[in-house]
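The data blocks that follow each hold one structure.
Heads up, the next two complexes both have chain A, just with different partners, chain B and then chain C.
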Partner chain A sequence: MIGPTEVLNTIWIGIIYMIIALPLTLSYKVTRIINFVHINFITIGAYVGVILFLLGVNSLLLVIPASFLFGAAIAVLNHFIAFSPLEKRGANPVILMIASLGLWIFYKYVVYAFLDLGQKVFRTNLFSVIPRATSLPDVSVGGYVLSGHFFAAILVAGVILGVLYLLLSKTSVGRAIRAVADNPTLAEISGIPKERVVSITWALCGGMAAVGGLLWAVFAIATPEVGDALILQIFAVSVIGGLESLLWTGIGAFIISGAENILMSLLNAVLGVPVSFRPFISFSALLLIILVKPPLGAGGGLPYRFKIVRHYKR
Partner chain B sequence: MLGFDVIGFLISWLTLFGTYAILSMSLNLEIGFTGMADFGKVAFYGIGAYLAATITAFTFLFVNGIKCPLHSVEAIVALKECASKNPALNVSIFVLCILITFIITGAIGYLISYPTLRVGPAFLGITVLSFGELLRIFMRHFEPTGGTKGLAGIPHPLAWIPDPRLRDGIYAAIVLVVMLLTYLLSEKIANSPFGRLMRTVRDDEIATLCLGKHVPRIKAAVFFLASGLAGIAGVLLAYYLGSVNPDMFVPAVTFNVWAMVIFGGMGNNKGALIGSAIITFVDRISFVVNLLFPQAIISPDYIRWMIVGLLILITLLFKPQGLMPETPIKTLALTAVAEESGGEENA
Partner chain C sequence: MAESGKLGNPLKLAAALVLGLLLGIGAGYALFSGGQPATGPTGSPQLTPAPETVFKIGFTIPLSGELSSVGKLWEKAIYMAIEDLNEEVKAYGLNVRFEPVVLDDKTKEEDALKNVQSLNQLGIKIVVGPAASSQVKAVMNYAESNKMVIISPSSTAPTLAIPGDFVFRNTGSDALQAKALAALVSHEGFSNVVVFHRDDEYGRAFAEFFAKEFSALGGTATSMPYATGLSDYASEVAGLSSKVQELGADAVVLISFDTDGANILSHAKDDPVLSNTRWFSSEGIHGASELLQPEMANFLMRIKFLGTRPVFRENPLYKDFAERFKKETGDYPPVFTDKVYDAVFLAGWSILRAGEYDGEAIKKALPLVAEKFYGVSGWCILDENGDRLMQDYAIWGIAKSGDTFEFKDIGSWSAGALTMEEED
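On to the complex of A and B.
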């Protein structure tokens, strides 16, 4: 039933979902783009770690900033290559979303091609690796051996979330970001350099997602599909936040990871539902949220409430 | 070049082209005319293929009184034996499958679209995309349809024709006929009053609402139709390949269809046809190249997918209307007016 394993899994998976889903919500708030390249940030962040570990860099303190910078660089590049020109031409949200879809495919297979090359250079299987920083000792608590990575991840996540909170609430950059998120036109009129704020947001979001991917890979496994495998959960988490509230996105991360671990093991024990049904829980959560607490107006659409529009007949 | 089989190449290209053209026209109905971003085309394609495979295999085993699981080796052997016994059965099941699949995939599409259409266009994309992935993961673990191995040995509707070349040729012709029917249907719809309604929804939802139209209902109707058509494409694919497995229905298929529609021109059925013809041709060529250079440093497959991604982006950036821009709606009155004014200009 519910043992310490499920609880621990809920905690660390929840933390990682949070680190990945928060930037998705934040970037949507600021730019109004449903960004599918987010998935690539995860994969690329994970593989920056893998390659650096292979090259002999063993410290997470070096690897995490590296993967942050890489993710940030790609996010800013996307903004200047694709999103900014399209927005200037007045493309609607759907077109921007399709552009991000194109970029997603492109980066996905760039990663594949890169790994194909890398495999010939490093002579190891790069298509499924578990990056491990050997410098971290394991800790045993009450008979349970906890990997040192567990604490490292919690620490890293805590630092990132703390910095994000301070940045958004206490600094002038954070105020500018929030202003652009609330009303881009008003922000621009007030003299906020919108273009620069949007690039800073992209850098922040890309970097955070990449670090999230790295932490995920350190725990689980790095494959070229690692980001794609997380789409459903990450979007479900962001939709719990209504693509609007960072607080609810954070809570949603734990709701989804709890549903996937604790609820799944309960269902498995009581009703005998096979574990392979796990993605269905996230999917039904997604549909349930859309039905019960729809993030109205998000995604550039007209808000329709679920009530019948009556056509009065004479 | 090693006795390259031109006719075989053409037949396989035409069959693939027909299947993908149906898919891209159905996507065109959604994104080109109604403005719904359906990122889960592959889900309905896959449902169609699996339905056809399951129904056909089950019926053949049932009619011939063989009792074994659908995915077992005995079933594949038995299906191979009884495939060419009864031509009427083959053909009638083929027609029946197309009808059943259209209704079932359409209904599933309608159900999925019901909650999501009312929230915002982005959510349809996210939900349907994850729905496709979810189905694929589910089918990988679902034993009655063979898990990761899928179903094989599905009797071809024309299995009673002894010559395989002739059989494939006729099947390609059937696929092209279905494609033509789809084309005529979507042209008819696009130029009907409902087609104009679809374009209003795409261009201005608020205006449509103010005219007293029920926008989600219009979108749901289009989604039903497009999902059903995608299901038919899946049926055609399942019979062509004779086998289905979950890994045929990865999200990459959806991207391919998107590239076709965007490259060909959103809102123009001819554009969708041309886009799918070009991309499936490149697809087939790259398959041949793949066979010729098995030891390439980077697999040509990855390069092809990168090109597909870049194609979407570059088309959107530099030529957003695609190869064939959207044309004005043809109605009887408009054509008559155009002819009259054209005549006056000449005079």
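On to the complex of A and C.
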């Protein structure tokens, strides 16, 4: 039935889903690009940790900012080499999404090539690694071993969410980001430097997703495909937020993680559903939520709005 | 319409004639000049050596995806083997060279099939790989109808033991390994176990055969499959934990690959029930470097984690190979690397023995080559299903050596007899 393990996993996984899905929603809100490079942010963030741990850097205080900076740098780079030039030439969101698909494949193989090299340098298998900061002790609560990494994940998530909240609600940069998200044209007319706001958003989103990837690798495992294997859940979480609401994205993270852990375990115990049905359970939960209670009015986000736009044009 | 178009365009016809003429001249010239030395008078010394014949060997291996952690190292073994094979044939005075064409199948069924199709289009008739049984199943029919020989170094599912097909497997079927593992678990004194296995061809077949063998020894094995290709298995491990409690099972048998298995064990380590349960496993996770991390290794040693893996007993060649591999890559060869290396030799010598680069002929030659081939993975003789006939199994565990940890064989299973080394 439901033991402490299920609850612990729900919290831990939920936190990580949230840290990875929030920037996906935020970047879509601001740029209207369904960004597949998000997958690479996760993988690259995880491997920044792996490499630094291998180099003997054991402090999460150093590893997490490094991971953030790496993810942020790649996100901004993408903006300047691909998305921004394409947009200037009038590319629509579908074309930008396809560009992001191309970048996703590109970065994926860059990571493979890099790991191949890294394998030669470090003389160890980099294609499947469980990174661990040895400086974190485990905590034993009533015969239950709670990994120090669990508390680290909560702490990191708390700090990131706090900073994100303050940034978006209390600073002028945050107000500019929200203005561009609400109505880019109006924001530009009102003198908000859209280009700069968009690059700041990318940096924020790439960095956050990378840190999420690192937390995930510490919890689960790092492989060159870790982002690929995770992205369906992340999209599910973001879709629960209608790719629009940050609050619902946060809630969605725990809905999906709860479905995967607590609901799965209940179904297994009561109805004998095999645990190999887990992916089915989480996506059924997603469908159910979208059908029964769309979080953002009818259909929530993308498809419905596009339909309306097309009607107007005709 | 088409007819009149054809007749109505004499220009095209003329062009075709000219092209045909040029081709004919070219071909005639090539035949004439190329044929001359061979048909020359006996004993006359050749001025230029005949060009060496190049044979291509196709590979479809998991360079990305679930098995990439082993696939990447297999790739190194392939190039080592090709180099060694080319040297060997030169030493026999043969003017031939083998060339590898290595494709990545992402550990996926459909990509393995796509690769075999591409290799066929390149005219390649012999392919080493794919790795997973589910992938072998996916390419089997295509290989059969296109007369392509498949040598999988690592597919072990007993369900694919089919006589007379184009699939050869340079490793023993799990029908035998299941027997060895059942004997090991029973020998360690357990009679009620949960088999936690991949929900794919390999895992299902292994679990089924294990349950059969284990019940013959008086035990009960409950099978519990988990979905493959996920990014994490924490929730599955939690399910396993309650299952073990519910059944009062005294041990877990893990049938996994390396990445999923390492992830499962890392969660089991923190589970109050599973971290105090004995664990056993098949060969799938042997060699995974995650198992040697101190935290994990200490846990595995504490619960006395034991597994089986196919080996060839007392093979001096293997030791040299392992050391050489370690020197070149920094890692000891992961599971099945020796079989990949030998598969390259089997492929090469079979092509030569066949006398022509033709699938049907190579298929006939391969068992005859294998019968007389003793490589780094031992004697490669095949049974009537085209699977490895002589297969022993080592019992492996984790041991401490100095400050680090290593995989260590602590026993063996051969022809129905389990032998454990004396414990200190």
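Methods note: the second predicted complex is superposed on the first by the 285 of 314 C-alpha atoms of A that agree within 3 Å, B and C clash if a C-alpha of one lies under 4 Å from a C-alpha of the other, contacts with A are read in each partner's own complex, and residues count from 1 in each chain.
One rule holds for everything that comes next: a contact is a pair of C-beta atoms (placed from the backbone, for glycine too) under 8 Å apart; a residue touches a chain by one contact, two chains touch by 3 or more.
None of the values given here were measured: they were computed from a predicted structure.
Of the two partner chains placed by the overlay, neither chain B nor chain C lies in contact with A:15. Using the contact criterion defined above for the overlaid structures, shared-chain residue A:24 touches neither chain B nor chain C, since it reaches no partner.
Once the two complexes are overlaid on the shared chain, A:86 sits against chain B while remaining clear of chain C. Of the two partner chains, chain C is the only one touched by A:269; chain B is not. By the touch criterion stated above, A:261 is placed in contact with chain C alone, chain B being left untouched.
In the superposition on chain A, A:208 contacts neither chain B nor chain C. In the superposed model, A:106 makes contact with chain B only, not with chain C. By the document's definition of touching, of the two partners only chain B reaches A:98; chain C does not.
In the superposition on chain A, no contact is made by A:46 with either chain B or chain C.
Comparing which residues of chain A touch chain B with which touch chain C, the overlap comprises 108, 112, 116, 120, 274, 276-277, 279. Residues of chain A that touch chain B in their complex: 34, 82, 85-86, 89, 91, 93-95, 97-99, 101-110, 112-113, 116-117, 120, 228, 231-232, 235-236, 239, 274, 276-277, 279-280, 282-283, 286-287, 290-291, 294-306, 309, 311. Of all residues in chain C, those touching chain A in their complex are 63-66, 68-69, 72-73, 199, 224-227, 229-242, 258-259, 262-263, 266, 270-272, 275, 288-290, 293, 295-296, 329-331, 334. Residues of chain A that touch chain C in their complex: 1, 3, 5-6, 9, 12-13, 108, 112, 116, 119-120, 122-125, 127-130, 132, 138, 143-147, 216, 219-221, 223-226, 229-230, 233, 260-261, 264-265, 268-269, 274-279.
By the touch criterion given at the top, residues 31, 35, 37, 39, 115-123, 125-127, 129-131, 133-134, 137-138, 140-141, 205-206, 209, 212, 214-216, 251-252, 255, 258-259, 262, 297-299, 302-303, 305-306, 308-313, 316-317, 320 of chain B touch chain A in their complex.
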